[in-house]
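Next up: some structures, all given as structure tokens.
You will see chain A twice below: alongside chain B first, and alongside chain C after that.
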Partner chain A sequence: MSLQILLNGISTGAVYSLIAIGFALVFNILKFSNFSHGATMTASAFIAYFLVASKGWGLAPTLLCSALSGAIIGLIGEFIGFRRILLNHSAPTYFFVSSITLGTLYEGLVTLKTGTNFYVYPNFFDVATVKIFDAVVSKENIIILAISAVALIILAFIIQKTSIGRQIRAVSFDRDTAKLMGINSTLIIQVVFAISGFFGGLAGCFLGIKFTLTSTLGSLVVKGFIASVIGGLGSLTGAVIGAMLLGIMEALFLSLWGSGWATIASFALMLVFLLVRPQGIAGSNVQEKA
Partner chain B sequence: MALLEIRHIYKNFGGLRAIDDFSLEANAGEIHGIIGPNGAGKTTIFNTITGVYHPDQGEVWLDGNNITKLPQYKITHMGIGRTFQNIRIFKGLTVEENVMCAFDPQSKYSIIGGILPTPNRIREERRGRELTRQYLDVVGMLGYKDEKPENLSYGNQRKVEIARALICKPKVLLLDEPAAGLTPTEVSELTDLIRKISADFGFAILLIEHRLDLVMSISDTIHVQNFGKTIASGTAKEVQNDPAVIEAYLGAEE
Partner chain C sequence: MEDKTMLKVENLSVNYGHIEALKNVSVDVKKGQICSIIGANGAGKSTLLKTISGLVKPVSGSIFFEGKPLPKKAHKIVAEGIVHVPEGRKTFSGLTIEDNLLVGGTLADKSRLSANLEKQYALFPILKERKHQFAGTLSGGEQQMLAVARGLMSEPKIILLDEPSMGLAPLIVNQIYKLIGQIRDSGITVLLIEQNAKKALSICDYAYVLENGRIKLSGTGKELLESDEVRKAYLGG
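And now, the complex of A and B:
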């Protein structure tokens, strides 16, 4: 495998990681897969396009706008979609239905504004490629990889080492006990939705840069979802590993067989993987002590 | 006014009357034992005090504040700490993190501090860590701070739970069957620990326990519950000789 393919794969994997992390964070704390995540990505990428990028403000403001929009959409979603269900101690199915409904709503709103047209972010880079050793790599891939890596490292630090991170972990393990230990679990859940949305916004913007902006951009969320399942649902490290594997595999298959077969091949391989190791890479199969 | 005042609380679950007019007044430094057969509503009393349920009637006052309808985390902030009948420790967090995360809601640093190492955050993290170690030391678990709690014995898990309750700075500490599943040696260690923290911290302790020897030996006042009703309350001697108590525990004489 050439360095070029590897770097492209890692860069795609980094974007999938951002998506997968957004999923895994919410899954951890509420034990359901948030299917409105894809539409959150689309909506924030478009908000950044219309508010910032179309005015020619460059990459950093666009990214920031997209990420912040994602965080705000996450917060709104938590409030209108999940808060009541949560306080009611309802079954996970309700969360599931609510998240699909929310996602469809967001996608509908985006389509109202954009129709089925394609939009393209302006070129953020003067020089399109850089040379690393003998590999020619697109500059956007390098930048995407770097920013994603920094974001993931900061998140890992927050989760592992800070007060808010410990509280997130405590609420993830046992929400009821956490409340009795003085943790405001509603606030912690809001923070998690904001972080998840923030990462969704970043991912949405990157996907818009790598591909084109359409109202169905969010369907790429499937990649992040698969990555988080492969990694072991709920495990943040697993999600990143799964996403990287998926990204590299896709880049490899793409160079070997072209885009049509690459997608089919990578999905087929994922299915085989789940057959062999259904709990995912980092998922544990240990029985709980009764 | 007493530190903790429970005034005539009632709680029904459907047709079941789990608490039927329970009142209690506890002052700093006192240990109150709550005993009674299974299903007598003892844990429901704790759940009502800590806000897991709100009582159908009646009020709970802590240090002059009505805490009856507050959300759970606020009740904890007001000064009620507790442990659980079936141990509820956060698996996956280390012993130290388990205790420290109960300090975290008190630590004051902003979202920005979550991302950037501001001086404020460094100071608060240090304060939290010091307090955590101090309380782990009180319960004798400092040596286990980096262990995963699920690998510890029940006795040690209970001690971690007690340390986690202590760091909430309680004015009233609720211990729900702390001796359940412990060996005799562990029970006597636990008895000493409860006496020690009661003397050192001067809070009121409410203790649910089935081991009558433990309850009788350390409680100032004992409340005997049966089918949600208080059938007797007083010193260990008084309740031991109360005919209603003997009837509840041994059955009525024919």
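And now, the complex of A and C:
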């Protein structure tokens, strides 16, 4: 495998990691798969496109706008989609249904504005490629990789070393007992939705840069979902490892067989993997509710 | 002597759907004392503690702490100085021992966090040795110690203990009870829930007997230990 393919794969894997992490954070705390995450990514990427990128403001402001939009959408989603269900101790299926409904709503709103048109972020880089040793790699991939890595490292630090991170872990383990420790669980759940949305926004923007912006961009959320399942649902480290594997595998298959077969092959491999090791790489003990 | 009631539960009733778990329960906990509530399985003991700590909402009745009505939200109740160590320890098994303790200190003054940590480690040396291990690797007795230490990290005025001796060997139970005495001596009021009536009644200043959701009897620990009713029902004759 050439360095170029590997770097491509790692950079795609990094974007999948961002998606998988956003997914896993919410899964951990509420024990359900948030299917509105994909549409959150799409909406954030488009908001950043219309408010910032189309005005010629460059990568950093666009990325920031997309991430912040994601955080805000996450907060709104928590409030309108999940808060009442949570307070009523309703059955887990309601979370699932609510998240699908929210996702459809977001996607509908985006389609209202964009139709089925394609949009392209302006070219953020004046030089498209850089040379590392003998390999020519796209600058875009390097930047995406670097920013994703920094974001993931900061998140790891917050989760492991700060009071907020400990509170997130405590609420994820046992919400009632966390409350008995003086933790405002509603606030912590909001924080988690904001972080999840922030990562979704970053991922959405990167996907828009790598591919094109369409109202169905968010369907790539399945990649993040698969990655977090391979990694072991509930494990953040597992999610990143799973995402990297998926990204590298796709890049490899792509270089071997072209895009159609690459997707099929990577999905097939995932299925085989799950047959062999259904609990995922990190083998979490969390059972999914819905 | 002036009234030094710290926690006052008045005519409290709690339902779970159609089940009436508590019926008109009134309890007074005096400052600086150990107050104990004993009762059989399903009597409503845990429900009483959960209602005080805000996890369960009552249908009627009121709870006053230091003369004021309690806030509604659980985390605000902790901020008032009430901490509840739940039945079955409920340590965060996937967090390290130190992280468990730090989570317990979420609301405490940040500047005293490390001093409080050292205080718990002095009280429970076993926790210090293992501070970087996951709480799930501790034995039952050690987890109970951790649960109590974690509760103390919030610098409570009153600590609510739900069956701290459950499932523990007699030697460990004695250790836990010695500890409960130390907690009281350090100025923290204790509300102790137990099925182990003998142990609880010998350590407490005042006690209530809860039966099918109602307070059946109350008195000093000594009075109840000597009462025929308690003897028959809870001390095995």
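FYI, the second predicted complex is superposed on the first by the 283 of 290 C-alpha atoms of A that agree within 3 Å, B and C clash if a C-alpha of one lies under 4 Å from a C-alpha of the other, contacts with A are read in each partner's own complex, and residues count from 1 in each chain.
We adopt the following convention: a contact is a pair of C-beta atoms (placed from the backbone, for glycine too) under 8 Å apart; a residue touches a chain by one contact, two chains touch by 3 or more.
Since we're looking at a predicted model, the values are computed, not measured.
K.L.:
Taking chain A as the common reference for superposition, should the pair chain B and chain C be classed as clashing or as fitting?
P.N.:
Here chain B and chain C cannot both sit on chain A without a clash.
K.L.:
After superposing on the shared chain, does chain C or chain B touch more chain A residues?
P.N.:
B
K.L.:
With the two complexes superposed on chain A, say which partner A:51 touches: chain B (first), chain C (second), both, or neither.
P.N.:
After superposition on chain A, A:51 lies in contact with neither partner.
K.L.:
By the touch definition at the top of the document, which applies to A:162: first (chain B), second (chain C), both, or neither?
P.N.:
It touches chain B, and chain C stays clear.
K.L.:
One more residue to check, A:154. First (chain B), second (chain C), both or neither?
P.N.:
Only chain B; A:154 stays clear of chain C.
K.L.:
Of the partners chain B and chain C, which touch A:64 in the superposed model: first, second, both, neither?
P.N.:
In the superposition, A:64 contacts neither chain B nor chain C.
K.L.:
Determine, under the contact definition given at the top, whether A:177 touches first (chain B), second (chain C), both, or neither.
P.N.:
both
K.L.:
According to the stated criteria, A:100 is in contact with first (chain B), second (chain C), both, or neither; which is it?
P.N.:
Touch status of A:100: no partner.
K.L.:
A:185 in the overlay: touching chain B, chain C, both, or neither? Say first, second, both or neither.
P.N.:
both
K.L.:
So which positions on chain A get touched by both chain B and chain C?
P.N.:
Chain A residues touching both partners: 163, 166-167, 169-170, 173-174, 176-185.
K.L.:
How about chain A: which of its residues touch chain B in the complex?
P.N.:
154, 158, 162-167, 169-170, 173-174, 176-185, 289
K.L.:
If we count contacts the way the header does, which residues on chain C are in touch with chain A in the complex?
P.N.:
Residues in contact with chain A: 53-55, 73-75, 78-79, 83-86, 90, 92-95, 99, 102-104, 106-107, 150, 154.
K.L.:
Which of the residues in chain B come into contact with chain A in the complex?
P.N.:
Chain B reaches chain A through residues 50, 52, 71-73, 76-77, 82, 84, 88, 90-93, 97-98, 100-102, 104-107, 109, 111, 113-115, 121, 124-125, 128, 150, 164-165, 168.
K.L.:
If we count contacts the way the header does, which residues on chain A are in touch with chain C in the complex?
P.N.:
Interface residues on the chain A side: 163, 166-167, 169-170, 173-174, 176-185.
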